[in-house]
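In the two complexes below, chain A is the common chain; its partner is chain B in one and chain C in the other.
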Partner chain A sequence: MKYYLLPFKFTRLGDHEILVNEVGDLLYVPIGTAEQIVNRTIEDQELYKTLVANFFISETRIPALLDVYAERLAEKKRFLDDYTALHIFVLTLRCNQLCVYCQASSQDECVSHATMSMESMRLAVQHMFKSRSKYLTMEFQGGEPSLEPALIRYGIELAEQINETEKRHLTYVLCTNSINLTDEVLGICTQYNVLISTSLDGPSFLHNTNRGKQDSYERVVKGIAKAREVLGADRVSALMTASELSLNYPTEIVDEYHKLGFTSIFLRALNPYGKATDNADWEAYTDRFIEFYKQAFEHIIELNKQGHVMIEEYAAIILRKLLTPWCTGFVDLQSPAGIVNSVLIYNYDGYMYASDESRMLAEEHDYTFQIGKLSEPYENLVYSHKVKEWAKVWNNETIAGCSDCALQAYCGADPVRNHTTQNDLYGFRPTSLFCKKNKAIIEYIISCVVDRNEELMPIFRNWIR
Partner chain B sequence: MKQRPLDINSNDNTLFTTEQCNNHCIMCCQPPRKIDDIDYYYQQNIKRVMLAPKDLPHIALTGGEPTLMGDKLFSLIRLIREQLPNTDIHILSNGRKFADPEYAKQLKLAGEGKVMVGVPLHSDYEKDHDIIAGSKGAYNETILGLYNLAIQGIAIELRIVMNKLNYMRFPQMASFIHKNLSFVNWTAFMGMERVGFADSKSEHIWIEPIEYIDYLCKAVQLLDDFRHEVVIFNIPLCLLPTKYHAFAERSISDWKNKYTDCCEQCRLKEQCCGFFATSTQLYTGIKPFN
Partner chain C sequence: MLNDYKLRQTIDDETRDIRTILYAKAFADDENLTLE
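Here is the complex of A and B:
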């Protein structure tokens, strides 16, 4: 048998092997198949044809349809053409909650030194339009950004004004705990079609414990109801973060989202920044989170089987990567990494940062991912020496432990996380908890697709629309 | 070959362009001939277009292989655009000629958004496709042609003629289409007309639908799961599981469509494609829904 190997990766999964080519097409095959392919002893003729048709091997040294393969790869990396689309404006560290896991080192509501100046906002909005992306998302974060309505209004109005000539597709998102959704704030949201992204950890006892306040749950639920009434139900979404305590309540959390009428949930692990770093034994947390994820996921599947709409967003992202030929925009699982390429942060302190996590690190006096002053020209910031250094380690195709990983096409690189947890931008995969968590969950979702296809595909097809 | 008059009430108005083809498909219902007939049909078709009813909803260019007309294809299309500005133009082609990006671009310019190209794909595996197409190199040119048509934004109907040599890979083909040809507007799985090669070489080519229905349903399901348009042509409803009836179309041209005696008792007759009057034998397993 004469043929040429094209780049593909493989790993054992349960009692099978998975083979994954450069564009993320996956084949689920008997153990020993990769060896047969390499040794030119493929027995199954239909498998042989599938391998040729799907660019795992080629009957000619250069595949005749190389251009088709190139186009497939280009599509998977299309987010690079889009350039930086997500622009996060950290308006203030002031906050009206005291969350146990706060990753952003929020300050009391009364402090005055932790809020963005109007001048910084002006510079930030101008930088945002330097990105050539046709789609720009302006996301307001904190602290609690709704405490700064004047700043929000100024930022949006400036963007609208510049956009009269720029003509980009603008989206506004307000990340808020929904406690302070005053008429003034909702007025801005109505006028400029701002989406509300709120956070809700689960049932009352859990949410209130996490938030360090007695009545937080009640106020958030009220805030959500008010926002839905004013803006429309589809303009309000919620996110959860799994504290250590949350890990005991996977089904209760999912049920709470369902009860409140949400049709999707993002099962999000805690990240090692801010107050969260003091909270946990990360190794144990990661193991428990993986179990938590699976339990919550199965409960979500049950809800779907009962005819309810409930999407697990993380799984939906992985499924799109696994099952479709299209590019999936999700900054946390990207190669090249999301930092700078897909997201930029304009911080209240007047500096540009590489990611949301980067500005969280700065609160601990680690300025590694501070790109520079907002008063600097855009080119000096985004094309700085610092950013070029990160570019050497932000592709999982080229870093050890990722370059030969079968799941590479579905995962991403995260130099910020590597630096934070391993004090090394390059990172060491065998002890990386980012790697451990993603591998476990991606493998779980793959096994759902291949082992439980008939049971789960009718549900998954609705998740990946 | 005598052409039928263009008829506003027919679902099958065609301009026959040539009997020549650069493929030699083993199941061809209209086996190609090497005769110099392009000018003959071209002149004939010009007259046919000039005399055609002005509000003809659609017109098909068929053969043989219409792209063998070269640039005459574009002048014919321009004439149709001029004379019948509201008529949709459907070209049935093996797509090979469009491996030349310039040719695809010319089609786009001539067609002005009214052209759709129907292209048969016989397998996801090059050598199987080439065996069925009866021509080495056909597959690679066809796939590149599909990409070039897509780049020009020309609508594409992918046609899979179901036969004994390709039915076992229907699910793999569906997956291949989903991943590599996701831009096609729809995929049609087509039951064979039992005439021409399909009949004369039937032991190599012919397969009864009941033998491939499971493969077909898997393929249709996969494409539908990923929200690709998919249709089943020429398979009577009584051979399909109920779940898949929604994908079946009344696809057989009116002038060669027929039903059998047992169809008279069937309550789904009006929704069913029936049979080719031209086929030499009926499918096995036909039974009425009462």
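Here is the complex of A and C:
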């Protein structure tokens, strides 16, 4: 049999093999198929036609539709065209909670030295507009950013003023614990259409334990209700972070989100930054998180079967990568990595950082991912020698352990995580917990698509609309 | 019978040129690329 191989990857999944081509199209085939393809011993004519049609093999040295295939590949990396779209402004480290897993090294709300100056905000907004992206998201983080309403207003009004000539599509997001949503803060949100992204860890006992406060849950729920009333329900979303304690309560957490009227949940693992590094055993945590994820996911599926809308956002991102021709805007699962390419951080200390995690590292006196002072020209910062060095390790297409992984198209590269956990920007995949967690979850979602297709695809189609 | 490592190496060896052309067509400015 005469044909030419096209690039593809393969791995075992249960009692089958999955073959994945360069744009993430997946075939679920009997074990041994990859070897048949390489050895030119394919006997099944239907399989042969499927392999040709899906760019796994070609009957000519250059496939007739190579331009179409190249365009599909470009579409999968379209997020690169516009460069940085997400701009995170860390207004302050001041916070009114004492979260046990705080990754941002937040400080007491009374401290005075950990807040961004108006001059830094001015420089940061100017840098944001240097990105050529037509879509700019200005996200306010902390600490607790709602403690700095004057800074929020100044930043937004400056952006609006510059945008009179720039004409970009601006989106504003306030990441808040919803404890301090004063009339002043909600007034700014109303005036400038600011989205609220809040955090809720689950039922009262769990949320209050995680937050280190007796009344946090009640205040957050009250804050969410107030924000929904003023801004509209669709302007308020919530995120959870799974502490070690949370891992015991997958169904209770999902039920809490459902009870409060949320139609989506992002099952998010702890990251090894700030206070979260106190976690004694990350390997055990990762194993437990994977089980937690599967249990919560199955409970979410049950809710959907009962007619309720509840989307698991992490799965929805994987499903979009798996089932649609488009790229996603999710910076944690990108190659080239999200750092600099898709996200920049303007920190309260007057410096630019490569990612949210990068500025968290700086609080532990690790300045590896500090790009430079906001007072420096934009070009000197984002095209610096430091950033060029990171570029050598931010593609999973080229790093060992990822370059031949069948799940590469659905995953991402994370030099910051590699540096933090393995003291090496390049990283070592066999012992990487980032790799272990993502592989387990992506394989689980693929198995849902291929093994439970009739049962789950109607639900998944709703999730990726 | 080839083990996975050998299979991956064979796929990589046989597809290096076409992969280069595919990426060049997708991301480079000059699309006039052909195999020698």
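Here is the rule we use: the second predicted complex is superposed on the first by the 464 of 465 C-alpha atoms of A that agree within 3 Å, B and C clash if a C-alpha of one lies under 4 Å from a C-alpha of the other, contacts with A are read in each partner's own complex, and residues count from 1 in each chain.
Going forward, a contact is a pair of C-beta atoms (placed from the backbone, for glycine too) under 8 Å apart; a residue touches a chain by one contact, two chains touch by 3 or more.
Predicted, not measured: the structure shown is a model, and the values here were computed from it.
Using the contact criterion defined above for the overlaid structures, shared-chain residue A:M457 touches chain B, although it does not reach chain C.
In the superposed model, A:L433 lies in contact with neither chain B nor chain C. When the shared chain is aligned, no partner comes close enough to touch A:A242: not chain B, not chain C.
In the superposition on chain A, A:A70 makes contact with chain C only, not with chain B. By the touch criterion defined above, A:L19 lies against neither chain B nor chain C after alignment on the C-alpha atoms of chain A. By the touch criterion defined above, A:T50 reaches chain B but does not reach chain C.
In the superposition on chain A, the residues of chain A contacted by chain B and by chain C overlap at 67, 71.
Those residues of chain B lying in contact with chain A across their complex are 123-126, 128, 140, 143-144, 147, 168-169, 172, 176, 178-180, 182, 225-227. Partner chain C is touched in their complex by these residues of chain A: 4-10, 22, 34-35, 38-39, 58, 61-63, 66-67, 69-71, 73-74, 77, 404. Chain C makes touch with chain A in their complex at residues 1-2, 4, 7-8, 10-12, 14-15, 18-19, 21-23, 25-27, 31, 34-35. In the complex of the two chains, the chain A residues touching chain B come out as 23, 25, 46, 49-50, 52-54, 59, 64-65, 67-68, 71-72, 323-326, 457-458, 461, 464-465.
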